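Read through the structures below before going on.
Same chain, two partners: subunit A is paired with subunit B first, then with subunit C.
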Partner chain A sequence: MRTLKLTNYIFKSLARDKLDLFWLLIFPVILLMILMLIFPSLYEPKNITFSITLLSQKGTFSEIIEKVFGELSKGENRIFQLLVLPDSRDNLIKEIEKLKTRKINLVVEIPENFDTQMLNWFMLKSFGMTTSPPCINIYSLKHDVASESAYLTVKNILQKLELEFIKKVGYELRKIESEPEIVGTRATFSYIDFIYPGIVIFVIFMTGLFGIGLDLTWLKERGILKRIYVTAFPKSKFITSYIISKLYLIILQVTLITLMAKFVYKTTINPLSLPFIGYTLLTILCLSSLGFFLASVSKSTTSANAISQILNFPLQFLGGIYFPVVGLPWAIRWIVIINPITYLASGIRDALGIMKSPYPLSITIAVPIIWTIVCLIFTLKRFRMEEV
Partner chain B sequence: MADFILEVENLKKYYGTVKAVDGVSFKVKQGSIFTLLGPNGAGKTTTIEIIEGLRVPDDGRIIFMGEEIKRVENKQKEYIGVSLQETNLIPYLTVRETLDMFKTLFPRSLDIDDVLKMISLEDKANTYIKNLSGGQKQRLVIGLAMINDPLILFLDEPTTGLDPQARRNTWDILLELKRSGKTIILTTHYMEEAEFLSDWVCIMDHGKIIREGDPQSLIRALEKESLIEVELEANSIMLEKLSSAGLDPVYDKKHKRLLLKTNDILTTTELLLRLSKENSLQIKDVVIRQPNLEDVFLSLTGRSLREE
Partner chain C sequence: MSVILKLFSVAVKTFYRDRMAFFFTLIFPFMFVIIFGFVFGTGSSGVDSKLLVGIVSPERSLYEIVNGMENLEAKKFESIGDVREAVLTGKVDAGIIYDDNKIRVILNLATIQRNPFSRMLGETVADHLTKRNIKIDKVIDLKLSAIDPGRVITTQLGYMIPGVVAISIFNGALFSMISIFCDYKKRGILKRFNVTPIKGYQFIIGMILGRFIFIFFSATVLLVFSQLIFKIQFNVNWILYLITVSTSILGMMAFGILISGIFNEPSVASNIGSLLMTIMIFFSGVYFPLDFLPRYLRKIGSLMPLGYVAKSIRISAGVENGSINSILMTSLIMIITFFVLVFIFGTKAFKTE
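Coming up: the complex of A and B.
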């Protein structure tokens, strides 16, 4: 009861500080709005030539498709850089390998007996029988913007093609169903789905660094912690109160961001899903510990400010919060590798099916836990409430 | 309960070669105002912070309410109230909220309205800390030290930086607390504060207690009834003549102040005037006063408390 009362007072003092409120509550919302204004348009490809491989068959329908793709691969404003190969298992394996290594953007496979299936389908349709239409397999690369865009383009072309078939054969052709066999699980890219977990990590990071690290140093520097230390209140209970007050803040921050993401930007992420909650809790644990670490090494708010700025920018921008951090030179790649935010951001996105993590799930959990343990051990050894 | 609420024996705290506290011993009577008087760096704060549990001593014994303790734990903290040398409070809480917050830190406490009345801040109860004056803040700090209705109050330089009026108000609060039976352990470098408030004074210098007693007996020990402080540019001839007259002059060249101790004000003043005329020295100011603790410190160390 006494612990909660103290918690309320700590939170109340923070809630009345307009500057803290701006940076910890309002600024992340503004940042989300700015990012949503800038980045989604950058992720829309313009005037791009997609590199695709068409694995074709012999037959009328296959040749029509081949011809259409061939026409779109000619001239200065061509849409495709096309490679046509006969459909075979070996070719398919080879081309999917190329796709995985991003040498091409898409593989379109016209399967065996496609023409026969088409004819059968027309026949059965003409007798009023319903059956599954024949399929064209499209292989795209998960979470690859160019590949996703190539897929959408091919899908549009095939839909246009349906109309041509109808004109030619005089029968209603409902669809040539393009069945993307994606190397992964997600077919479309949504920047809000990408950035929403990132902003959640960002607000917790800000709370850890400034709301805990800088704030505790300020309380220490002004002798407020020392004053509390000389009371009969157990130190552990004070720390508990302090942590709960910061949890209040984080809940408020995450709720605000979630409301924006859900109702303004229509994210498809369920914030009550287990992976989201799990990774959010891991983020709170890890980045709060970082805040305590900062308060342990800082003698004054000036030094805390300097250290937090040194940590802030590399960890924030090289943690993959705003954009994927791949293919960086080694001079800065090491920051990505040691950065706990890298693992938290890629872990949460992978767990939510937004983007495949380059690291195994176990690593995305283990690295932040190691950071937490190291920071907490250091804090226990170094942090003294009675120091000024 | 023991007659002495607190006893300290041979307390030591060294920082490398610096002897911050070097074998300090004293006893504090229950219901008294006990003062550690000394210049900055004398070791007063270190001593008091060891007793408050903020620092670990290198050596020595602390007997708190008749029980020897290694260091002050939460059990003892319930009975002590503390005002640190420099206390800042959370700026965005009101006076009442701050008192209530500190109230939650103790299992037993006084009523907030009673404390507000005691420190005369009833009309500021709903004012944010950031909007209080220095004197009001200091009164609140004393109020916070009292919130748990302690037996002993540790007040580390409670009037430093306050204007004379605010200082006087603080003294009134402390005397009122003494009347209500509280024991107060005070540190100060203001000799008039120690003299006015204290039942017992320990004069500290370089980590040691160099003299202790009640203020009047310490002053009486100087064996001089009066002091004459003169502002003039004294020369060696004049100082020699004053010495040969048995006046033991102390001359502060920097501030051009001559101090004479005497039991015969009239004769000494006549001699002083005659010598200044003979040596063509212009007297700018003369103050005849009773000796105080400042003079005790000066006679013990050759330095002024305020020099530090």
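Coming up: the complex of A and C.
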């Protein structure tokens, strides 16, 4: 009874701290909203209109290209916002300047004699002779995703046009079909299915580092733990109350994120499924132990804060919570390998059928368990309530 | 003058000794450079990463086609099961199986997330094969010239680093002002100074100057060290850099003063600062491109001062093209805002004490 009373007291004192409540409860929701605004548009670009300048020539082939680009620039869902200009040195220089200042995304130049070269090429080909094909110059802007995407789109359209030109001059084409297959995920995959388990791990990580690690150090620094230690209240009961109060918080956090994911973003993940619950419990165990470990090694809140911040960003961003972390050099790959979040995130996603884990499932369970054991042993040896 | 200089030296020492300020101004941006630099596409080599494609085909032509395509590298596999497993476990980025009249492209989620256009891989390869069957390699030769936006040829990481410098400036300037105008006030430090012969303006100039020098130093160290560590080329116009970074620090300090003026409680002001920083990191276009976002979000992004600071530093470092007049105009606005706000809130801070 007294344990429960103390649990409620600890939880209430947390609930009264508006700032902690904001960072541990509201901020993850805001973060989920921000991620859902940015990443789906990056992974599946929709409704994009690229500003393109076509420096064209007179002639049959050039006019076909111009017509196709023109058709793609019409209507509400147009791909291009097209400006057609006659090809000249001045126009090219002017348009490249516009490209450099990001006023347009791409310049496509059909050079002089393109049509003649095209006709020559087909004629020579019909006699079994080969010559270099006529070229189209494309100017894109480096380090600009929109420009690079515009190039890939134009390239794809021109490749399709090549086939049309080939057919037009009388070749018989045996079209090869392509069939895509995405493996390691479900057919109904969407970004929310990927990010939702990640955000659940993130909130537990925040509670572990700041809600437990920093909080316990603060209690220690202010002498509160020492005062509790000298009372008749058993130490074990205090620790039990403390852990249960943090569990209350985690349940609240996960519920809030789940409600957002389920009802606002319509995730297809069942939060009551066994793999989800199992990995969530493993995450709680592992990342809470990390919090206790942090409280054992920190002498003051300043040092606890500094250690938390140093651990926070690499573990969070190199744990694959927000995006897959692959193909890294060894200089930072070791952080991915020793990071428990890597295994928790991969394991939960694999178990839910969202993304195949690069590690066997047994490893995704074993590594967090090893982390938990090491952190808890260290805490038991080092953590002293009476220490100030 | 000597009073200001003394206060200035104290401010530098305090900032250096403050572990959190030191971490957020110097270590934190370095961590971000390293993590994001390696994770997003290009590493220190500056070579864009190729997609490794596993091929299962009785003909060698597919292997040659894929190897001849831009940013693709082919790897042979003996069976469909092997290539599937390799894609699943991320050993290859994609797999292509060809059985004479149809190709099947196997992709995993990580590849699509890294390269959204990999979804078009199947069609592109199929078109190449269709042409190869009539012994045509290509009818049109597409010659791509990727124009460098600035005065110097740089890598993706080189383009990103000035943005990280901007974040470091934003961070240092914002939190240092919250510390002076909120924390010092709350702890009664301003009150104590008020009863000494030191004038309010001497205290503010000394303190701000100390922070200013430290932030300027950190930003420059970050730029120079990134250049050395990652072998990145910048073509820094140092006069423009001096103007840009100095006025950006003042502009971001103005932002911090404004937050301190609105939220008197240091913890509230500092948390609002952290929240703003998170929003700016995502929407200022430093790490994530804004081009694909919905129009209203791009509008919000264009209001983020961090985006302008990042652009100005990119232009000064020679990795982006832009008019010097627009930089000078932005700088002027930042200086005016800073002086107006420091005058209003500085006077208010000392008067209320």
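Going forward, the second predicted complex is superposed on the first by the 245 of 388 C-alpha atoms of A that agree within 3 Å, B and C clash if a C-alpha of one lies under 4 Å from a C-alpha of the other, contacts with A are read in each partner's own complex, and residues count from 1 in each chain.
Throughout what follows, a residue touches a chain if its C-beta (ideal position, glycine included) is under 8 Å from a C-beta of that chain, and two chains touch if they have at least 3 such contacts.
Note that this is a predicted model, so its numbers are computed, not measured.
In the superposed model, A:Leu99 lies in contact with subunit C only, and not with subunit B. Using the contact criterion defined above for the overlaid structures, shared-chain residue A:Lys5 touches subunit B, although it does not reach subunit C.
In the superposed model, more residues of subunit A are touched by C than by the other of subunit B and subunit C.
Once the two complexes are laid over each other on the shared chain, residue contacts for A:Lys356 go to subunit C alone; subunit B is not touched. Contact with subunit B, but none with subunit C, is seen for A:Arg227 once the two complexes are overlaid on the shared chain. Legend: residue contacts after superposition of the two complexes on their common chain; A:Asn156 is shown touching subunit C, with no touch to subunit B.
With both structures placed on the common chain, the touch criterion links A:Ser13 to subunit B but leaves subunit C unconnected. Of all residues in subunit B, those touching subunit A in their complex are 52-55, 74-75, 77-78, 80, 82, 84, 86-93, 97, 100-102, 104-107, 144, 148.
For subunit A in complex with subunit B, the residues that touch the partner chain are 2, 5-6, 9, 12-14, 16-17, 222-224, 226-234, 386, 388. The part of subunit C that touches subunit A in the complex is made up of residues 19-20, 23-24, 27-28, 31-32, 34-36, 38-39, 43-44, 49, 84, 87-90, 101-110, 112-114, 116-117, 119-120, 122-127, 129-131, 133-134, 136-149, 154, 156, 159, 267-268, 271, 275, 278-279, 282-283, 288-289, 291-294, 297, 319, 321-322. Subunit A makes touch with subunit C in their complex at residues 19, 22-23, 27, 30-31, 34, 37-38, 41-45, 48, 96, 99-102, 118, 121, 125, 132-146, 149, 151-152, 155-156, 158-163, 165-166, 171-185, 189, 194, 302-303, 305-306, 309-310, 313-314, 317-318, 323-329, 331-332, 354-356, 358.
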